[in-house]
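After this come two complexes, each holding chain A, first together with chain B and then together with chain C.
Up next is the complex of A and B:
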């Protein structure tokens, strides 16, 4: 197992390097942050931007260097730099937003905000998915099965921005009905609130309810279909038939033999689902004003903040690769037919 | 309603006209409500009322910021300017009526010219004007601001000021007691001398943080970065910051040391970033915020506001204006006759009716690119030319006289025998610009010109304009009651913002004259002469002052929008209060 983990971890390095190179080229070619920043200043001040300022922006963002040199500096920090670039040196590169922004700090802070948001939603969606998937499979082709399938497809087909808007409106109406503002529609906590981790969590609960519901409903349907298919396959397998033939009670067959095996695909899918949600909660974060990784990447892309986009892509890549690794390991733990050597 | 609007944008022009016409009634007569109802007729005094002592206000800012030093290029934007309105040392404010009011928390009187050659301007500090930490404002603070804005690497090595148009013109700053005199270089003759910002961050705070800013240009730059990264706990305004996170929120409490005359009644004011119009309106209806003055407004927002309890709103032209520019270096548009015909064929009233009129029913076509229609300096040079009227007959006449012809497919042919084809560019995220593009395409097809609609991703607008990658383009500029810098920026042949590359020597001479007088009224007259020339050049077609909304809880008083200030509704924050 340890050898397997080491081997897979080492294999991740060239994959990540290839991904960063490709991403860097695409990000670099897709925008010109210097021109964009100059235009923003002109729009903001209503005046022409002095050439000295343009030169300083180019120098600050390393846009006075060639693309290969920029990539090399971003990766290694080896060469003539301002001391703010080079992953190997622990520097993520300068932000187009200026010296007040530390990309590394932003990424690390926002990572936890997003995790707080998607963790509950992922756990909840997996829980609901297992429940509805199993019920659907057990009651195959019944009204219950069709109803659960319909509801699942409904949420699957519903764009999350629309679902989010609907639930926000529902929250406003619920508050009106209750005569309070217990459900908050924007932000991840009370403005300026500070406290221990637990206090911050408790404070964030009114802000967590609606976005968690959106992510849960939007995310459970696909997993539910996996669970249903897996459960049906196991229920039709020989060993389940044998158990029934031997007179084992239906509940025991379902719980001990069928469900346990049918959970393997979903259990191994869970880490990937969480990893995907970490990078894919952009819409939900935007709608509900959570300043997480998704919102950060959105702003970075919008402003052409190349090094910030790269940081997001790198972190997302690492999270997905870790998710894949955990998923592979879970196969070995849950499925006795698989052994790692 | 929004669904209909989107559909109309996506459909062919004819279908769009039918759909959008059906919607026209929805937004009619919906420019204001309740407390803000009289803002059109009384922009300075609307929503006025008695304030109780105490109360808290949470105000949404519709965008974020990254640093606290608005002098720096990277930090400067409208949102941080709004968020810092409670403490920033502004020289004064233009009111909603366009009239300038000096900041009496800083200055005892309006600045005055003591010499015209070189220009010397004297400022008299208000008695007791201070930084909120026991230190009085002094001449060092003026010098610090100058160095930061100079663009001179010998004064601030590596600094990137958002603008050096003031700082680069300062020759020296001297003073004694409460009097500070700024001497400008010989090249400075701006009619806007009384509106120049002369203070930003406190010099003594930089010194306390061990920056030898006065004698070390590198230390000066480091001190600028320090002010960018450090939450400003110093203040010259009616409030002082108690807690803040860049790009997220700013919390204020009253500043007991403020030297200004207005009485502050609120206990706490919070500016909170809230992106997205829908989020703002929902939060306002949910009681999470008390108001906002976002930069955009749409029909759906108005519908929601109309149905909201205890909320007032008003919609009026904001500090941005929409226009269509032509690239005079395009092979076809280099001909002024074709440019005139193109601008004449565009029906601006029709565009307005099918876009901005949905959100502001009393909106007017903008007829002067420098001065709003309600400005005392406004003059209309456009109407007489026919530009923007959609008069195809007039356009055809102009082109026929110039030797243009039409082929068997009614395509316009130049005197050199080429078919005229133009790329029209616009940012695709703005519905109004998408519809405008389709309508312009339809207008010009009536002239036999094939127009290719080429949308611009939002992040690429600067690049497209900077690289002059358009034949026709629709975008917006911001505006204030000042105009001297604008006239230079828009149309001077050596301006980097003259994106359509208009090169008119006569116009350049006129622009030089605008920049060569100290008299504001005279400069405005000269600016209008320049505008007349630009109209004759058929270079730009103004459309409208872009509508914006202000929305406030009915419990707030003295809160109203101000198009003339970057701080928007926060311009009179000292007067804000609650009525119950």
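Up next is the complex of A and C:
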């Protein structure tokens, strides 16, 4: 098992490297942070920017180097640098916001805010998906099945930003009606709140409810379709029929024989929804005014802050790969036919 | 002589109407009630977007003679916004732009995905490894972020064709995987062997034999691409990283409506939102109907 995990992790490194290389090239070619900076200075001073300033910005952002050299420096930091670049040395590269802003610090403080949202939403959506998928399959072609299927289709078709705006306003209305602030709709926690990790978490709960609900509803429908299909397939299989024939109780057949096998395709598919939730975090954080990673990458995209965009791409890439690894392991736990030697 | 011969054969044959593959598919599709209703609604939406602007008196631009913030009425069925825009005209343009993106993405990413999937499955070996590793790598890059980073960086704001191109370039992964899986089993079939023995070139086999036989997978994934593209494009436009004003898109209209879901300007928020849902919903049902209709394992009872 341990060997398997190590081998899979090692196999992921080239994939991750390829992904960073490809996205580095794409982000680099489509953005020009130097021109952006020069434009900003020109706007604020109203004069043409002298060549010496342009050169200084270029060397600060490593844009006086060629693209391959810049990628190499970004990855390893080996070579002639200002000491603020090189992933292997724990440096994320310079931000265009100036030397005072450290991308690594921004990311490490914001990471937990986003992870909290994404993890809760993913777990909740998998739970709802399994429940509704199994109910649909057990009551196939009944009114319950049709309604659940239709609701699933509806959420599949609903853009998450629209659902988010709607639920946010609904929460505001609910607060007004109840005269309370049970559901917070702006920010990820009380501003300036200090305390231990647990206290911070408890403080953030009212802020967490509505955004998590949005991401959950946006993500559950696809998994639920899988769950229904795989449950139906298992329920029509011979060994389930055999279990029934020899008189095993219905609940036991469902739990021990049908559900366990039917979870396999879902287990492989569900951790991948982590990828969708990471993307969805940008939208949700924007609507609910969270200052998490999603909001950070949004600002970075707007300002053409290449190294900050790369940092977000790298982190979500790692999260997705961890999701893939979890799904591989779940395969082994759920499916007795698979053994990791 | 030959005419007489065929006439004799025809007379001998049991007289049943000839059933082509496509007529069977059509029959099966039209039996799927939700899919047929969806198809009708979808065609109506397409007509609304592309023919509507020629019939309706207002376009999507701001006009000084339009009063601001009029609720839905006979003059302005979808109301008007603060700046004085007729929302029916704006909806037509917005739907058209979103549809443009969706249809181009559906065609583009399906063509890329089908070719990549077919080549990977047909050649196996290193071609397969390289292509599938590219798919793996692209899969790791978060779709929304990379498309946003590229679309947001376009000088002067993205046009709909920029959006279509960017979404198509990153949207073909699922199609490629599905087509490859089909081709892997097809390539061992006798008719491919026959085509090879007859001296067919690889390109001929891929385009004339493999892709037509995976058509059911390809058509279904193309329809689902439409829903996927509509949702992606509107999300990016909502974030301000897609289609920019003065042009308009369904995402932009919702962004402009802001927090009006529960006040007197509710129509600004719900109408574009319902339009997106309606498009994506009908497309999903059509895809479902096509999947059932094109599935060769489904037997049709002959009557």
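Keep in mind that, in the parts below, the second predicted complex is superposed on the first by the 324 of 341 C-alpha atoms of A that agree within 3 Å, B and C clash if a C-alpha of one lies under 4 Å from a C-alpha of the other, contacts with A are read in each partner's own complex, and residues count from 1 in each chain.
Simple rule for what comes next: a contact is a pair of C-beta atoms (placed from the backbone, for glycine too) under 8 Å apart; a residue touches a chain by one contact, two chains touch by 3 or more.
Keep in mind that what you see is a predicted model, and the values were worked out from it rather than measured.
Chain B and chain C, once both complexes are superposed via chain A, clash.
In the superposition on chain A, contact is made by A:170 with chain C only, not with chain B. Shared-chain residue A:98: touches chain B; no touch with chain C. By the document's definition of touching, neither partner reaches A:216: not chain B, not chain C.
When the shared chain is aligned, chain B comes close enough to touch A:56, but chain C does not. Contacts of A:204 after superposition on the shared chain: neither chain B nor chain C is touched.
Of the two partner chains placed by superposition, only chain B is touched by A:299; chain C is not.
When both complexes are overlaid on chain A, the residue A:317 reaches chain C alone and has no touch with chain B. In the superposition on chain A, A:39 makes contact with chain B only, while chain C stays out of contact range. Within the superposed three-chain model, A:27 lies in touch with chain C and out of touch with chain B [touch as defined at top]. Taking chain A as the common frame, chain C overlaps chain B at a single listed stretch, which among 62-70, 188-196 or 278-286 is 62-70. When the two complexes are laid over each other on chain A, chain A has residues 31-32, 165, 168-169, 172, 286, 301-302, 304 in contact with both chain B and chain C. Looking at the complex, you find that chain B touches chain A at residues 58, 64, 66-69, 72-78, 151, 153, 158-165, 168, 225, 228-229, 243, 245-249, 251, 270, 272-276, 278-279, 282-283, 285-288, 458-463, 465-467, 477-480, 485-486, 488-489, 495-497. Listing the residues of chain C that touch chain A in their complex gives 133-134, 136-146, 148-150, 152-154, 227, 231, 234-235, 238-241, 251, 254, 258-259, 261-262, 269, 273, 276-281, 284-285.
Contacts from chain A toward chain C in the complex involve residues 14-16, 18-19, 22-23, 26-27, 30-32, 153-154, 156-162, 165-166, 168-170, 172-173, 275, 278-280, 282-283, 286, 297-298, 301-302, 304, 309, 312-313, 316-317, 320-321. By the touch rule above, chain A contacts chain B in their complex via residues 31-32, 35-50, 52-53, 56-57, 60, 95-101, 165, 168-169, 171-172, 175, 181, 183-187, 191-192, 286-289, 291, 299, 301-304.
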